[in-house]
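Presented sequentially are two complexes of chain A, the first with chain B as partner and the second with chain C.
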Partner chain A sequence: MTRRRLPEWLVLLLPAIIVIAAVVLIPLLFSLYSSFTPYKLTRPSTLWKWVGTYNYEKILSDAKFWAAFGRTVLFLTIVLNLELLLGLGIALMMNKVTWGQRTLRTILMFPMMFSPILVGFQFKFIFNDNIGLVNNVLQSMGFNAALPWLVDGKLAMFSIMFAEIWMSTSVFAILILAGLFAMPRDPLEAAKVDGCTPWQSFRHITLPFLMPFIYIAMTIRSLDVARAYDIVQIMTGGGPARRTELLWTLMSRTGYVDARMGLANAMGYVSIILSILFTVYFFRKLSAARAELGMAG
Partner chain B sequence: MQKSIIFRGLMACSALVAASESVLAADWGDHAGVTVEAKLIGGQQYEGLYGRIAEWEAATGASVSIISKKSHFEIDKEIKSDMAAGTTDWCVGSNHSSFAPQYEGLYVDLNDLVPSDVVAGFVAGNIGASTVGGELLMLPRAQFDVSVLYYLKSNYEDAEKAAAFKSEYGYDLAVPDTWEQVKDQAIFFADPPNFYGTQYAGKDEAIVGRFYEMVVAEGGNYLDENNKPIFNSDAGQRALQWFVDLYTAKAVPAGTTSYVWDDLGQGFASGTVALNLDWPGWAGFFNDPESSKAAGNVGVAVQPMGSVTRTGWSGHHGFSVTSDCANKEAAASLVMFLTSEESQLAESAGGSLPTRSAVWEANVAAAKSGDDAFRAEALAAFAEGAEYAFAVPPIPEWGETTNIVFPELQAAIVGDKTVKEALDDAAEAVDELMRESGYY
Partner chain C sequence: MTEVTLSNVVKKYGALQAVHGIDLDIQDGEFVVLVGPSGCGKSTTLRMIAGLEDISGGEVSIGGRVVNDLPPRERNISMVFQNYALYPHMTVRENLGFSLKIAKRPGAEITEAVNEAAQILGLDELMDRKPAALSGGQRQRVAMGRAIVRHPDVFLFDEPLSNLDAKLRTQMRVEIKKLHQKVESTIIYVTHDQIEAMTLADRIVLMRDGHIVQVGTPLELFNAPVDTFVATFIGSPPMNLVDGVVEDGQIVLDGGVTLPVPTTAGRLSEGQAIKFGFRADNLMPAGHAVDEDGAVYELDLAVTLTEPLGTETLLFTNMAGVEVQGKMFNPRPVRPGEKMNFRLMLDKCHVFDAQSGHAIRR
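Entry: the complex of A and B
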């Protein structure tokens, strides 16, 4: 009697399948299941009580959740665009530097080396209304008021965006710089011979060539920013009065402080839609940009 | 201040001598070979007590393994994760009267393990606040918290200020006895951004606790007997209006809505805040020249009154024994040791407030006969303040209600909503939570 053997391809893939199932698939299915229960961390028995779509209905009709959702989209849009503009500017300038460029590139990456929590503390101090650096500088210049940087709705969002942009603009700059290094010189030289202005060269040659790099950076950063938590939690905790509440500060409070993990997981699944939409959008743009350059879609 | 340090040192030494003598005499049981695993709150003010654990180990033959030491908020998250994972076979946990009701089934009823004469030695109110659903879930340690009013004395020694105040408000400038007077004086003293009349905790449970005690002081309550929210009553609206008025008048720092205890303590210690309702743990810090610019200028008075009574939101730390502990007798022995009269004498010598009646009396008598006037003044204020103390509602949902309520309080303070809108919205959300939790 011959023993039935698993096909070789399956045997070879099995370790990877087991690892992925253990660390990704099972937790994912478990959290998906728990989003249909009233699971509270402090009452483990609630994990086995099925409530159907109650958590999802609650979230979909919750104005606070949608306000946090909208705020996260706004935060994402502004931060990504500003990081792109600043990163592009920095990369173009760096590309012109002929001496000490390596040192500059290293310095450029410094902010990325800090833990987001430390960046949060740093900017919380800088923007403190009473003892903060910014207000003290303003007061020493004769501006006799304490601006509530972390309290006023617009100023607080600005402060958080400032911290996020300070920390991560270099991701864009480095990726775009890599694109500039990889760019062939011939089209630019041909454009120069044909009498193109620097703006025309940038608009019609440099930028289209950089677009795939920009969309890769956008995809990576959109996933990062969509789950912004550390900096926001440290600087404002989502407050005051939910003025800076983003999806992840709301979810973490619901899941870990209120211990309502079932509801928090449901929020997580709804908010994943946001990440998927941004990712699909940027991948489509990436394919289009590559097709324009004659690369495979 | 030097005298204060010497006095405290002497008190601590005498308490420790008494404690060590007593340890030899006390019978903590024979638990030879037992290892008690403990999760304890960490922090400078809590560490002194843990130094005494070696004495309990020597007396019982058991050993203590501290497997986690974190802030209460971190310990809370860890314990919730333990409950979810079912890893609750450690034995002794730090607990707090505000947190205790959340941990359903985690801790044993200590009435079954601790003799009733031991329980009778504690202040009845503290035992009441440690009891949830008829079960004594923790024994209180000498970390009782109720707030009193700290103030800068110099503001009341200036004749010009006194005259200006009287002409503006029509009554004499004196240390305030009501919250209305606090408001008047805070607005009068404020000179932003250099000096503020007062300050308050502005987020998380901290602001809800402050609001809660103001509601009670105004004659209202947070929840009714069925745990239905009633804080949006007239009393609640008057209470919240007080916070709003101070913020609008710029009598508090603009960032106060992001402040919690450390920010407030550092603020008063910077000498730029006139009046500050705060906890007992800060007394020594505020009057220590090395940590505080206000040192030597600090007065302590009983907490002011609302229109009905004085405020008194209180809480206390304690120790609990888990239901899954393999040797509950040894764990209960350790808990009794850590909350014993000797331990409380030693711990409260550092300035914290005891939860045993005999230790209260000993501390007040020692302060009166000593030469540290500030310590005596502070203790007298806290002793009087403790009479008005009340704990938060003993329900698991307390913490969750605070997370619902605090953003609404902030919304009213910063002007996003009217007081009524904010409280009605908060009450509606808390009402939904209570219905979901099956209270009515």
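Entry: the complex of A and C
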């Protein structure tokens, strides 16, 4: 037998390589390629027309895109910070609970168990200006006006944030709680003896210890929120008049409603940069916080 | 002036009572060691003094002030923890200065106090490292440094040396003793190691099961233990105890050895079951003892095992069916099984009631 055989390591890696190629690499390359074409879903032949960086140039000068981009960053910033504060508060309180803590922890996870689409529908109902729960409550308390929760741009943004925060604060709470459980008790006692008030102990001892856990939660959630789509799509569809348009609703509109897949893919690549920046930023912070605590890496 | 007084201090964890009404007076500047077997409530007692544990009953006062309801920060105490409890995210310098920073002292004062502590403990070269980059002994010194920068009224130590290797432990023991001579503060020190207790203490408080068994200077506990527990806990090797009974005003050990121990003043009653106690130092082969003054009882015993320690050798033998240890100074090689003529120094022996274990003074 003189037939050449593949080297052993390659044979062993081949299944993994094939799976990764099929699932990740080929779609990735395909979408990257198509972002350089005027590809329209309705006219497949457009896939073969090379337009260079035309799509990218178009995006970069497109006010709608930048509005969505800016809105996404704003959304991300507000949502992450509020979730952090609420999650931290919840975790600190849960840590004090001595009785029934397991049950509470399970209850805390409930919002994460629902499909975001259902959460979207639920809040769409809650914030509905005619029959919604919020307005009914407000009216029964004597406020006369029916607030246009999902119609007014600012209020709609608020409502979406509210839904997002309701659904995902527990990610922060759970991770921070894990941090509190892992926290050694001794330094806290040393701090008490060293003269710290409870607030000072928290500020100088507990918080630095929790920072790595907070950054992990931040990384996870920033990726999550940066691709926020379902809740927005259900609650407002990016409207009214694009005032709640985020990157992914814009992309899906461009790709599937306008059928301009090439352009949508280009948007996708630009917005991925956003996610990468956030991830890199939080990972830097994470390593710094871990180094601070004397942990490896 | 900082005396520490405990009166009838009780600690309960739910149904479990960890400390049963302890009374203790500690003088200003005194070095008191709480010692006892694991789980006897030493740490609990110390933590109640520190304010890290609620006091279930009784009163703790520091410097004449009842501190039961004061948080630790208002007690002006420092504590060194068993596993150091350094702040992992702070450098050695920050660890040392933390308490002063919290107390909002001026920067120059903090720097000075930190440098002084660093110098006393030889930490100068480690000031910018994080605790993770320190060895156990170095961490231990930082923990001590953190305690001394504040010039507290009372130092509390909870087994500060138990994570160190034997050599370093001996070294740090000396450091702690020097430190006490330098700062002259009151020190309350917890350990389960009787050698640490003996070497460091002005006064030892020996505890068992949440009770104080005996309080006294190291030599008082060594020479006049109140019961068999103290006798076997203090001193190394532990005191030998052999069962016996009182017959005709003399002590007869199980197995028939009759010791002419004078049992005056009617403290021992005829037929009373006793435990006869003596230390290894008081059972020595002829010609190898330190002094042979006083009443001596001679007996021939076969050596079963030897432990040479250099200046002395421990000899294991059997007396009345019990393994006992004797000692030999100016040691010579001894074969296992060799019969030697031992001298038992009766004046230094102890007699305990067999039932209660209490010492009976002769």
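Points worth noting:
What we mean here is this: the second predicted complex is superposed on the first by the 289 of 297 C-alpha atoms of A that agree within 3 Å, B and C clash if a C-alpha of one lies under 4 Å from a C-alpha of the other, contacts with A are read in each partner's own complex, and residues count from 1 in each chain.
The rule is short, and it goes like this: contacts are C-beta pairs under 8 Å (C-beta built on N, C-alpha and C of every residue); 3 or more make two chains touch, one makes a residue touch a chain.
Only a predicted model underlies this, so the values are computations on that prediction, with no experimental measurement involved.
After superposition on chain A, the partners chain B and chain C are seen to fit next to each other with no clash. Look at A:150: by the touch rule set out above, it reaches chain B but stays clear of chain C. Of the two partner chains, chain B is the only one touched by A:139; chain C is not. Contacts of A:8 after superposition on the shared chain: neither chain B nor chain C is touched. Within the superposed three-chain model, A:257 lies in touch with chain B and out of touch with chain C [touch as defined at top]. Put simply, more of the residues of chain A are touched by B, taking chain B and chain C as the two choices. After the two structures are overlaid on chain A, the closest C-alpha atoms of chain B and chain C sit 51 Å apart. Within the complex formed with chain A, the residues of chain B that make contact are 77, 80-81, 83-84, 86, 102-104, 192-193, 202-204, 253-255, 257-258, 267, 272, 396, 399-400, 403, 406-408, 410-411, 413-414, 416-417.
By the touch rule above, chain C contacts chain A in their complex via residues 50-52, 71-73, 77-79, 81, 83-89, 98-99, 102-103, 130-133, 146, 150.
Contact residues of chain A toward chain C in the complex are 184, 186-187, 189-197, 200, 204-205, 208-209, 292-295. Considering their complex, residues 41-44, 128-130, 135, 139, 144-148, 150-153, 236-243, 245, 253, 256-261 of chain A touch chain B.
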